[in-house]
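Next come two complexes built around chain A: one with chain B, the other with chain C.
Our next item is the complex of A and B:
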């Protein structure tokens, strides 16, 4: 069967997730539509095969979490921790996403067409995040690897204690976090932003983005800093 | 963890359905708060001189068998004031035409285990321990009518699971507050308020926030000014939802540690900790759904 629909108003979520973990992996469906998600938690978590899942409506916490290889689309909004710890594949939120979107994602692409809440991309470990709107405070906190493209504005303390992740922001940044700094955009940066925007299906001028990366001054303990960063 | 729900109907016809629309919202927050539940409902105000109090008898020896009509007769005999009694198990609403302090003082002296839940011209308040579904059934929440309400499901973290520590909390008249989160300076707030003659009934952290904000309102602050002082003085994690006779107000702490989501249509404004409590509402698929920002004030007029 190519396409299959699950209606969470009448079918238990466990039935859907069990199908996605077992039958979908065995090739029993390439495309699964999920109706009436109604804010349920843990929809389409832990997938590890290249199935396409379309969630029609608003998803609750951790939708598409730990995703590997699958492509998950949420037509409405997503609750806390969408695509958290994603390994590969793609998660696309067409509405807004709540706090902790893409937290500690190791790979894959998270696209949020609307705004993201606080702590977007916290502890990012190699995944890519493209946000069509703005991100809340403390986004990319301690982000280690990967890239974030923010087409709108950023809140307070963007990129606090950054490691090697790189952030690109088009709009205004309320404040940078400790050890984050603006750096010149190179041709390589412009190409990277263009490629991510293209993958996200968003139309912005890549040259209009600013690059933010780590000063690396927190990498080594400085006893003279007197806790002033 | 706790669950918060709020509903304000804009279409007058929906006032009759306020309770019916709200019960699934409250039950939807059971996983966030299974140990206690409660709500405050605001309706048309009584005449200027009248007051009503919601009273809870679950802590008395008679519990749900408390003799409410007898209490009404006693109050009339001792205070010479007719008291209308609307009783439902361990809960009653007493309405009278005298200063509420006189009635409350008499009750405290003669029935010290009765717990006064709320006082005012518009507010009725219900809260008890038990799952949201059982509390809703206990008081027939589905039949409640009014313009707006504030509800809560509790998973206790800061104080014991007892009916008086359930939410909503009230202070003064026609003001209530529910809280998801935990405050880190409730005792400092208490130490500031108690010398001003403000009396606390429990050791619950939320009561400190409730009494602080009501004190600011009583001192002449408008709601926005009081909430701004709340941001300055109250430390910790919170999503607060507050009710007054003509307003619902929502604030979240600067770190947005506790969730909230709002759905608005031409007919209503609905607030919940999570979308799953809003999913059943009529017209929700076309509602404007948004997440309130941290450290912003959201005030809706009834």
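Our next item is the complex of A and C:
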């Protein structure tokens, strides 16, 4: 069966997830449409095969959580922790995303067409995030690896305690967090932003983005270790 | 030559209680370095603990079991509330969560080998699951920590249970810490960090903030694993009564309560000594919370933090724990703080290496340096060879076996055919403090301080 529809108004969530973990992995459906999500939590979590899932409406917490290889589209908005800890594949939110979008994602691409809430990309570990709108405060907090492209504005403390993740912002940044700094855009940066925008299907001039990365001054204790007087 | 009158000799050398040599040393150290002290292990201060309790063995009013002949069951089942596949252990003594990074890969393998032989579980730590520990452990509990270092769905699916770590007894409210010298290439890769950084983990989970969120997070983990695996929630002991209730509310199958004697591989000393409550007090509060919710026996309780002996295990069980978890005792069994290490069939003196760290066997808490003289808490290619998995596993198996023998001996003496039948009524306290914290009478009285006369 190529296509299959699950209606969460009549079918339990557990049935959908179990189907996606087992039958979809066995190739029993390539494309699954989920109707009437009505903000249910944990839709399409822990997917482990290249299935395409379309959630028609709004999703609650952790939609597409821990995704691997699958492509999950949410036509409405997503709650907290959408695509949290994603390993690979793609999660696309056509509306807005709440807090902690893409938290600790190790890989894959998260696209949010609208705005994202607080702590977008927190603890990012190698995934890529493209936000068509703006992001809330403390986004990319302790982000370790990967890239974030923000087409709108950023709130307070962007990139606080950054490790090696790199952030690109087109709009204004209310404030940078501890250890984050602006750096010049290189040709490589422009190419990376252009590629991510292209994958996200968003039309912006890559040269209009600013690069933010870690000062690396928090990598080691800043005390005068072992000093002798 | 000037001499003072003989009667001033002692007074002129009177040490201040408030500013004793330890405190002076602390202040001078702070003044020299401008940085708090970081060390390993748990609280060193004297605390009310399980030694302050004794068992009322059977006599005229109770009937004991024959110590060597009669059966005394130790089987322990964890995760019966929601999980399709609860954890079944042969003994109620488990290995606490300790990270690869803090411990060497050899040590993690030793833990797995010994635990598997004894029919009990091991636990991963901050830094992910290593293939060595998965291979060697029949039952492996996979921790989900705030840092999410190395956390991935494949290992979630490989795990036998999942433990959501809210806090740790050594540092409730604090995140993990691993100093640069232990962040070698393999550790750095597993944690997605640059090599050699002084790694400080987050203290809050990135994708949930309170108990209502945690309920959804736990549901996510259940959905990912098709409701098969038990979900544990681990809390550092502070407001234990409320925290355990909230963990149960959030949907935990098992609650792990770690008291302030619990160890760490690296944390600020001020945390280790000054934050959290003793294990003895935490067990009572945790059991009260479960009873209050009528969840005793439905949600299992694992207690950790300063469990060293079979008597400690028996007392924790009598107070209402279903199992215990051991960290530091396990490391000591592997050789921690020992004078020698065993390599190539012979014992080798390690004292010079302790001295190089400014310490001696018996006092060492230098896990944070990664220079463990006996090869336990290290990532150094030479030092880690000082403990081989087979030798470590043999010692650890002996230790666990001894604890289990002590536990069953005590249970039989109290007339119990099953160690889980030990009960608070079997215990009395030797100090008023312990009586108040444990909620058992002061020996020879019926007085439980705080519960009236």
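Here is the rule we use: the second predicted complex is superposed on the first by the 223 of 229 C-alpha atoms of A that agree within 3 Å, B and C clash if a C-alpha of one lies under 4 Å from a C-alpha of the other, contacts with A are read in each partner's own complex, and residues count from 1 in each chain.
One rule holds in what follows: contacts are C-beta pairs under 8 Å (C-beta built on N, C-alpha and C of every residue); 3 or more make two chains touch, one makes a residue touch a chain.
Bear in mind that the values here come from a model prediction, so they are computed numbers and not experimental data.
Touch criterion met: A:77 reaches chain B, while chain C stays clear of it. Once the two complexes are overlaid on the shared chain, A:96 sits against chain B while remaining clear of chain C. Look at A:128: by the touch rule set out above, it reaches neither chain B nor chain C. Chain A has more of its residues touched by C than by the other of chain B and chain C. In the superposed model, A:38 makes contact with chain B only, not with chain C. By the touch criterion stated above, A:136 is placed in contact with chain B alone, chain C being left untouched.
Contacts of A:85 after superposition: chain C is touched, whereas chain B is not reached. In the superposed model, A:58 makes contact with chain B only, not with chain C. When both complexes are aligned on chain A by C-alpha atoms, chain A residues 60-61, 80 touch chain B in the first and chain C in the second. Contacts from chain A toward chain C in the complex involve residues 13-14, 17-18, 21, 41-42, 45-46, 48, 60-62, 65-66, 68, 80-81, 84-85, 87, 100, 103-104, 106, 119, 122-123, 125-126, 141-142, 144-145, 163-164, 219-221, 223-229.
Only residues 32-35, 147-148, 151-154, 156-157, 180, 191-194, 197-198, 202, 206-208, 213, 216-217, 219-220, 223-227 of chain C touch chain A when the two sit together in their complex. The part of chain A that touches chain B in the complex is made up of residues 36, 38-40, 57-58, 60-61, 76-77, 79-80, 95-96, 98-99, 117-118, 136-138. Residues of chain B that touch chain A in their complex: 254-256, 259, 261, 274-280, 285, 289-291, 293-294.
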